[in-house]
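We call the chains A, B, C and D, going by the order they appear; numbering starts again at 1 in every chain.
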C-alpha cells in the first residue's frame, strides 16, 4: 500500500520503519528535513520535502507529532494533510492529543471524504522499536477495519475503543493510572530510604502482592539508583496530564490526585528534570527529603 | 512445638488453623472467649481463658490483634504476655502496628529473656486461609531462624527485613504504594465513566502496559460493578496510613499523596464505607461525580 | 465622551450604569438584545443591534463578557470590535480572562491603531453596583492615562500593574490567594463542627489574630448557616482557576493547593453547586462529613 | 495571689513577667534551671529547683511547655504537679496540645480536688511580650471565672469556648485556617514572581478585597524579601497540624488541605527550615521553582 508517514521522532521513526519492513511503499515527511532523508537512506523509501507532496498520492497517511497545536499545524490549512490528501484516504494519528482535537479532525476528514482514526500508543520507545505497541483507537468501524492490518506492523494489541476521540480518552485513563502508581511508588521508596530499609529488598518482597505494578517491577530498581532516563519524559507527561485535566473539566470528572501529581511534575521540571522519565518523582522527594 | 495463638480474628483464626494442621500443640486465647472455644472445637487444640494461662507453658506465642494499643493491652502489665511467658519463649506478632511499638516490645522481651519478631503480613483473608501470606519480619537473626519454620505453615514468602520494627516499616511501604495505585486507578475509572468509555474494555487494554498493577487486574472489575467487599477494610487502611504518616513524621519523610489519600478514606468512612474494601475510593469519586 | 459598553451581565450592567451616571454618551450592546433595550430604558442611553453599529463611532469601548472564547467572539473577525472601531479608539476589557488573550488583543489593537487595556476587577456584584471595584490593569501608560478617569466611575482603586496582560495576571494572584483562604476556612469550620464547638464563637475569637481574613469576616457567618448565594459563582471560579493553572504551566510556577482546590470545586459542581458562591467548599466537606 | 509559673520559654517567660508586674507573688520553675534563676533576677520573684517545691504552696499554677508528652512529664507521676499541688489549686495550661490530653489532665485534676483550664494562646512572641494574647479556654465555668482575671495580665481577649479541651480545639481551628491562608498566599506570590509582576504592588492592590488576610498584610512583605524569622516556627506548626489531623481522625473530620500543607512543612523542615516561621512555605515553592 502507498503509505505516507509524517513525524519521524523517537516513536514515529521506528514505526515507519516497521511499515517499510512490511513491504509497504512508504513516503516520509519530517519538519526537520534531515531526519526524513536519513530515514529514507536507512529504510529505502522516499522522502518528501513538503506535506502536499508527501500526501498527494497516499492511500494511507500516518502521523505521529507532538500535541494538539502540532496536529493543527500539519492537518489544517491549505498546505495541510486534509486539503492535499486524496479523497478516500485513510488518516491514522498516533500523537497523544486531546479527544477534542481528534473529534475535530475526524469531522474535517469526513467533509473531505477521508477517514480519520485517533490511535495513541503506549509501550514507549522500546515498544516502537520492537513493534510491540499497545494501540488504542477511536473512529468508525469501517475505517478501523482498514487501519488495523496496517498498524499490526508495530502493534501487539490494536483495539477500537469507540468513536472518534475514544482512543485518546483511553490513553488518558492510562496516564491517570500511571500518575497514581508512580507517585505512590516514589513515596514508598522515599519512606523506605528515610527509615533505613534496604529498598531493593523491600520491593522484592512487596511486589509479590497487592502493591505490585508494572512500574514497581520495571522502574523501582532504576529509581533506587537515581536513574531517570528510562523512557517517557516528564515534559510529555505534563502535556498528557494537562489534557486529562482539561477533558475532566469538560466532562465533570474530578481528578484530585492527577492534578496534584501534575504539579509535582512541575517541580521536577523546575529541578531541571523535564527530560527525565516519569519515575523521577522520587528525585523530587529526595530533593526535599535530603 | 507448644504454640499459643492470641487473636482469632479474620486473619488470626485461619493462621492458627494452619499451625494446628502442622501438628503443633496449639493453645488459643481470644478476648471474646466464644471464638476461642469455637476454634478449639473445629481444630482440636486447647483454648485458654486468660492470657497468663494461655502463655505459661508455651515455647512460642503468636499474636494477631488490631493495633498498637491492643498490643499494649495483651503484652504489657502483670497479666500480659511478657510477664507470664517463660524465659526463652519466642514471640511472633502478626498485627500491623507501628515500628515504634515493635521496638518497644522487642526491648521488653529481651529484658524478660524472650525474643520478639514483628511479622506483619500481606495477602488478606484469602492469603490467611490458603496459607499464602507474604510475611515481612523484623528482629534478630537467631530469633528469626527459630520463627521462620513456624510461619512457613501459612506464609508463602517469609523474609527478614532487618532489626526490630523492620517488618512493620516494610508493611508501611506496601500500604503507601497501594494508596497511590488505588487512587490512581479510581480516578482512571471515574474519568473513563464520565467520558463514556467502556470501562472494562479500557482496563483490558491498558493492563497490558505501564499502567498495569495487581489492583488493576484484581479489583478494577469489581470496582466497575460498585462491589467493595473484596478484602481489606477502609477502617484498617486508615489505621495503617495513620501509622505511615506518624513514622514519616519521625523520620523526615514527606508523603503528600499518602496524606491526601488518607483524607479521602476519611470521606469514605463518612459515606458509611468504613467496612468497604480499599478500592472504594471510586465510590467517593462517583458520589461527588454524580 | 462617546462610550460603548458591551456585555450587560451581573457586572457589566451596573458598570455601564455608572458611566451613564457620569454624563458620558453611552451606547450599549448585549448578545441577548432584550437586556440592552432594558438597560437603555433604565439609563437613557442608546442600544445597538450589532457590534459594528455599536462601536463605529465610539471613542472608548468597554467590554465585560465571560471568558477567552467570548473575547475572541466579540473582538475578532469582520463583525468584531477591532475591525469596526475607529482608529484611535480606546478599548477597555473587564472580563476575567487569560494573560495570553490580553496580549493577543493588545497586539491586534495596535495593528488597528487602537489601544487595549486589560482591566479585570474584584469586588463582586456589590462592588459593581456601588461603584467600588478594585481594577487591575495591564497596557501601555498612555492608554492607561486615558482609561483611568473613565474607570473611576465605578472603581475605588484603579492601578496599572504593567504591560498588556499584567491586569489579568494580578487578578490570578487574587484568585489563587482566595482559593487557599476559603479552603482553609472551610476545613476550620468543618473541624469545629465535627468536634462540637460553637462555630460562630470560634470565628469571633480567632478572627482577632493571625487566622483573620476578609473571607472569615464576611463569609464565615453565612457558611455556618449553609448559605452559599453571596457572590462569585463556583463556575466562574473554576474558569479562573483553570486560567491560573494554564498560566502557571506556561511560566513554570507550581501551584499544588490551587490545583487541588480547583478539583474540589469540581466536586461542588457535581453536587449541583455550580451557581453557589465560592464559600461552598464547606458544603463539600459537610456532604462528605455527614 | 501565690502563683507558680512552669516553663519559661519564648512564650512563658514574658507571660510570667506580666504576672509579676501585676504584683502577684510569683514562683517560677524551668527544666533548664538557669532560665529560672535568670528570670527571678529580672523580675524579682522566687525560683524553685523542683516541681514539688514549686507548686507545694501555690494557689494557682500556670504552665507553658512544648507538647503532649511534656505535659505528661510535668503533670503526672509522683514528682508531678497534680500529686504535689494543694487541693483547691487552679491549674492553667497555655501549651498548645491535644484536646485529649486536656481532658485527661482535667479529669485527673478533679480527682485531686484541683481545677484545670486548657488555655492555648495566639498572638506569638510579640503578643506574649506586649500582653496582647488571644486566649482560648476550656474547662468548667467556675474555674474559668477564677482564671480569667489572672490571664488578663497578658491576654487582650480571654474567652471560654466550652468544657475541657475546647480551648485546644479552638486553637486547632485557628491553625487549620492559617495553613490554608499561608499556602494560598505563598502560591500567589510565587505565581506573581514567575510571571514577572511586581509582587509588593500586587499585594497592595489585592489586599483591598476578598483575598485580604492578616497574613497578607503582615507577612507578604517579608516573604517577598525571603525573611522567614518573624514568628511561629515550622517545627511548632507541624506539631500543631499533627494534633489537628489526629483530632480530625477521632472526630470524622476530613482535612485534605491541612494534611497536604503539613507535608509541605515537612519539605521545609527537610530544607533546613524547621526554625523558620510558617510563612516559609514560599521558600519551598521558590526552591522548587528556581
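The rule we apply is simple: a contact is a pair of C-beta atoms (placed from the backbone, for glycine too) under 8 Å apart; a residue touches a chain by one contact, two chains touch by 3 or more.
Because the structure is a prediction, the values reported are computed rather than measured.
Listed here as common contacts of subunit B and subunit C: A, D.
Overlaying subunit C onto subunit D using CA atoms gives a rotation of 180 degrees, to the nearest 5. Distance between chain centres (mean CA atoms), subunit A to subunit B: 39 Å.
The distance from the centre of subunit A to the centre of subunit D, each centre being the mean of the chain's C-alpha atoms, comes to 52 Å.
Distance from the subunit B centre to the subunit D centre is 38 Å, each centre being the mean of its Cα atoms.
Contact of a single residue of subunit B with at least two other chains is seen at positions 248, 252-256, 260, 264, 266-267, 270, 288-290.
By the touch criterion stated above, subunit A contacts subunit B in their complex at residues 99, 122-124, 127, 134, 136, 156-157, 159, 161-162, 166, 169-170, 172-185, 187-198, 201-202, 204-206, 208-216, 218, 232, 244, 247-248, 251-258, 260-261, 264, 285, 288-290. Those residues of subunit D lying in contact with subunit B across their complex are 238, 242, 245, 248-249, 252-256, 259-260, 262-264, 266-267, 269-270.
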